[in-house]
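Several structures are given next for inspection.
The following pair of complexes shares a single chain, chain A, combined with chain B in the former and chain C in the latter.
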Partner chain A sequence: MTLTDYKYGDVIHRCFRCGYCKFPINWMDVNNCPAYARFRMETYSCGGRLWLTRAWLEGEIEWSDHLADILYSCTACKNCEVKCPLSFNIDILNMMIAAKGEMVERGEVPSPVKEFLENIQRQGNPYGTSRAKRGEWMEGTGIEAYQGQEFLYYVGCVGSYDTRGQETARILGKVLQKAGVSFGVLGNDENCDGNEVKNLGEETLFEMLAEENVAQFQGLGVQKIVTLSPHSYNTMKNDYPGFNGEFEVSHYTQLLQGLIRDGGLDVSGGYNATVTYHDPCFLGRWNEEYNAPRAVLKSTPGVQLVEMARNKDGALCCGGGGGNFYIDLLGGSADSPARRRVREACETGANVLAVACPNCLTMLEDAVKAEGLEDKLAVKDIAEIVGEACGIK
Partner chain B sequence: MDSVYQALVDIVGQEHVSNRQEELFIYSYDLGTTEPHRPDYAVIPRTTEEIQEIVKLANKEKVPVVPLGGGLSLAGLAVPFRGGIALDLKRMDSILEVNEKARYAVVECGVSQGQLTSYLERNFPHLTHSEPGAPPTATIAGNVAIHGQGDLAQPYGFNSDMVNGLEIVLPTGEVCKFGSCSIGSGWYTQHPLPDVGLFLGWSGTTGIITKVSIRLFPSKKIRGVGQFVVEDEELVPEIMYKLTHTQMTEDVIAFSQAIPPFASGLQHFTINIVADSEKELEFKHEIVWDDTLGEYIRSGAGGFLGFRSGLQRPQVSKTSDWRKGGGFEYVGAIMPVETYPECYRRGRDISERHDIPYTVLGRCIGAAHAMMFSWTYAFNRADPETIRQAREALHETDDLALELHGTIWKPGLYGQKLVMERLDPNTLNLMKKIKQMLDPNGIMNPGNWEVS
Partner chain C sequence: MDIIACIKRVPDTSEADFIKIDPAQRDIEKDRLAFKINNWDEYALEAAVQLKEKLGGTLTAITVGPEDWNEVLRRALAMGADNAIRIDRDVSADDAYTVAVILERVIQRLSYDLVLFGAQSEDFGSGQLGAMVAEMLGISHATLDTVLEAEEGKVHTQRELEAGTLQSYTIELPALLTVHTGINQPRYISLRGIRSAMQKELQVMALDDPGLSPETLVPMVKLEKLELPPKGKEAELIAGAPEEAAERLAKILKDAGIF
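Right after this comes the complex of A and B.
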């Protein structure tokens, strides 16, 4: 592909590299692009990546492993798109995903990305674990298979396979049971939602996953979906309609907010902690849902909610987006975004860092260990906090 | 293995040095029209000590060192014309001290303008600093190194006049301090000790600024901007003179631009007015709009367009997209205020001849002692012809600025040549001696301010 064939060939040169894309909620530092925060070379800034992409497509530089690492270090957190003051900002992230797509087409992606995509193709999850084990998380919970209940509870890959994600998936299931919500799950029949696949530039695989999932949901008569992961929520809400998949999609915090507000869930058991909340990118910047998770926390007795300096559309990504919870191009340093984020959480005086995303949960919990903060800060999913408040052990 | 690369790795660590094509490509470019030149290495140090070691290595190996702050000069001042080490200083980003009572801040060289603005707003809301028109990613140190100005230029002058002290890594690797900090006192004044003029305005050719003490100023509770417009450019100098006489304004800018077309040809003023109370604001409004500008309003020569609370922080990067092309560059020159009409007319003519929408702006410095006048030329980064047009327009404007008895601000290589052709020969010779004394191997940002 040349620049003229590239979908954004007529716009990519318009980035001036002014650097607004690096800012958080204000101008407090230039570290809100997770990749730039990690490496601090201009190549890793949003503007640097765009200039490199253009240079690559114009033949000014050659493809290299390093170039691929730089492009795939983008977590698709959307900070650049939200902060860029220029009129083409809506295309910035798409330019990057399209560049990744070009690398996929050429078969020139970092090896962990290749592995990630192959695993999804083979087993429907990035870990490469058997499809037959996808439903193991629900053993002993009494959670039913979906057979026409009001909600399909879509768990996602991290909730289904990651140990910590599985705990959260189970607790959320129990909370929904306790609230009397009519729901069912797909178990071993659940497949990857495709959100990360799309952001890694594998459009064909994404389309296949989306079409299969839509067909499966429609075949089962699904009308309402509640997701554990904001990543699933994002793609099912925003991408699946493009595949004739019109469903009423909620993130679980939105459902819990309504249940608690309407008296459908008793959280009077409370949760005594000073809590700070980390906005997941695919709930926050991607879907502008900043209120529901905070409303759930505020309505839980005993929770004292304190905000980090970077919050809402200025929140720092945990570094797990764009498949990086698995491909891990941003790890291995005190400057890794997850480690920066848990230090910020500690600065608030909170003893609990609340999350609403299984990817963030695993990223930030690992970061707490790496920073040696286990005695000061616990990372909890909001489902776990609510679970404790309504007496679920 | 490249021995210089390995030595750099030993100094800053593997992750903070690169000789790979991607970093060399990015650090070869300025954001303006200057042709790129690739460095051999890109290095991002964290400490003054690391910079010392890098400079010592560069002397030993005779490798150029090109310091880089925000990289927003647009004049190619951090382009590695002779290769060597592109030294990105933005990791040195700690605000070391804010002395509230003595109103100064000590910052490392990578601290951005926006970082200090945000820090002061959150922690010392009654203090502010002079923020330049550049995007807030521009650094404090980079700005003073090029004699920048900001939104307090009218009452307090150039940002480089606000320097209380500097820490410098000399081209030979020694660390020097200047100002009161050099005798172990606080960083509260650069006077009365020997001044720091060897390092300001030299574009990093005489040393690397690693710490700066910059003056802070009172930040009033109410800050806002009033707008005023006249049709006749000949009125601008006298209006600036009268406004500065009031001593009631914080920033006075006159500008004219082709976009939007209905405003083309008009001279717009933005006038910052600040106050601690509505009573004070009302008093200042009366002095500025009624007593000073009222005569123009009443005669129909000028119009008051309103006052808006809150300062519009720089969004200058939007200029880059006027041709949907991602690029612009400007000539800035320190000019006598009386030349505004000629600067406007001749600048507009240059723009129109090069088929570029014109944008000119004059920011008042001091009590109308001078103005920083800028002629801006947008270009399309994807269209080499528009880049060539902009470059030609810039060169013509450099010539124009000197013809009108101005002094080019942060000139690129073309402008530096013009300036040095006109410089007093004894001054030029002194510059040469200073440069040879400080930088015997000629490693610091070579190509810039080179006296033959």
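Right after this comes the complex of A and C.
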């Protein structure tokens, strides 16, 4: 591909690297691009990556492992798109995804990205664990298979396979049971939602996953979906309609907000802690849902909610987006976004860092261990906090 | 340079607890497994594609297996192979010798300078096939290759041996090499690439096409039994605070004479 063939060839040159893409709120800080915060080099910021992409497509620089690592260190957190003041900001993340797409078609992706995508091709999840084990998380919970209940509870890859994610998936299932919600799951028949696949630039694989999932959901008569992960929520809400998949999609915090408000879920058991909430990118910046998770926390007796300096559309990504919870191009340093974020959480005086995403949960919990903050800060999914408040052990 | 790469399809057995032996004790149960191209063969294919991109010529991928093995040939076509040949045969009861006889018959009818195999297979791991085919074809071979460079009429290769020792060879073509992992970084094959490869021709040969019949293919070795190893002593999970766990681990290592 040359710049002429590149979908954004007529606009990519317009980035003059003003640097707003790195701001959390204003110029007082430039560390809100997770990759830039990690490496502190302009090449890792959105503007730097756009210039590199342009130089690569114009033949000024050759493809290299390093170039691929720089592009794939983008977590698709959308801070750049939200902060860029220029008219083409709506496409600056798409420019990056399109560049990744070119690397995918050339076969020149970092080896963990190759592994991630091949595992999804083969087993429907990035870990490469068998499809036949996808439903093991629900053993002993009494959670039913989906057969026409009101909601399809879509768990996602991290909730299905990651040990910590599985704990959250089970607790959310128990909370929904306790609230009397009519729901079922797909178990071993669930497939990857494709959100990360799309952001890694594997458009054709994403399309296949979306088409298969939409056909499966429609075949089962699904109308309402509640997701554990904001990543699933994002793609099912925003991308699946493009594949004739019109479903009423909720993130679980939105469902819990309504249940608690309407008296359908008794959280009077409370949760005594000072809690700060980390906005997941795919719930926050991607879908502008900043209220529901906070409303759930505020309505839980005993929770004292305090905010980090960077919150809502200024929140720092945990570094796990764009497949980085698995491909891990941002780890291994005290400057990794997850470690920066847990230090920031500690500064609020909170003893609990609440999350609403299994990816954030695993990223930030690992960061707490790496920082040696286990005695000061516990990372909890909101489902776990609500679970405890309604008496679920 | 005209290159032939021989590849096979293997079960994805990355999860050891998923491996079950079938009742006849000749094979594993495959119904719950996913399949993929043999790991070493992927490196061989990548090496072949890189040589072709550099020097020109053709690349032909060959496999011996039943119809569902077409998928590894599709991947080879998507990676850059020009031709793909599958010799239709259930190889589950075949030994390396039997498959070597089939491959030799097919390869000897083709024009080639270089034949590449993976150094071994992930499932049976005999590591014999490439060397057998080279002997049958009467051409030079080098196994366990971690470096491959080519020029007119010859290849330079390096073999990786025990303790990291390396042997360097220059070999006159035609020749056969068995490629080790680490020789390159196999490219990712996008789903679009695989779908495009579905449109390419894939030649299927019956055994009698190269003049063979089932009766002439008699294995030299016969598998008697396949079984899982008996369970050993359970591993000890060291619990407790990091300081206590470290102390306990240090004692175990010291008692074992490790330090």
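As a convention for this text, the second predicted complex is superposed on the first by the 392 of 393 C-alpha atoms of A that agree within 3 Å, B and C clash if a C-alpha of one lies under 4 Å from a C-alpha of the other, contacts with A are read in each partner's own complex, and residues count from 1 in each chain.
Rule of thumb we're sticking to: contacts are C-beta pairs under 8 Å (C-beta built on N, C-alpha and C of every residue); 3 or more make two chains touch, one makes a residue touch a chain.
Please read these numbers as outputs of a predicted model, since none were measured by experiment.
Novice: In the superposed arrangement, does A:V113 touch chain B (first), chain C (second), both or neither?
Specialist: The second partner, chain C, only.
Novice: With both complexes overlaid on chain A, does A:L67 touch chain B (first), chain C (second), both or neither?
Specialist: A:L67: touches chain B, not chain C.
Novice: Pick one for A:A132: touches chain B only (first), chain C only (second), both, or neither.
Specialist: Once the two structures are laid over each other on A, A:A132 reaches chain C alone.
Novice: Just checking: does A:L220 make contact with chain B only, chain C only, both, or neither of them? Give me first, second, both or neither.
Specialist: So A:L220 meets neither chain B nor chain C here.
Novice: Once the shared chain is lined up, is A:A378 touching chain B (first), chain C (second), both, or neither of them?
Specialist: neither
Novice: Chain A touches which residues of chain B in the complex?
Specialist: On the chain B side, the touching residues are 15-16, 18, 20-23, 25-27, 29, 31, 42, 44, 70-72, 88, 90-91, 93, 112-115, 117-119, 121-122, 135-137, 315-318, 320-321, 324-328, 380-382.
Novice: Would you pull the chain C residues touching chain A in the complex into a rising list?
Specialist: 12, 14-15, 18, 32-34, 36, 79, 185-193, 195
Novice: Flag every residue of chain A that touches chain B in the complex, lowest number first.
Specialist: Result: residues 10, 13-20, 22-23, 26-30, 39-43, 48, 51-52, 55, 60-62, 64, 66-67, 70, 85-88, 333 of chain A touch chain B.
Novice: Applying the document's contact rule, which stretches of chain A touch chain C when the two form their complex?
Specialist: Residue positions touching the partner: 104-109, 111, 113-114, 117-118, 121-123, 128-133, 202-205, 208.
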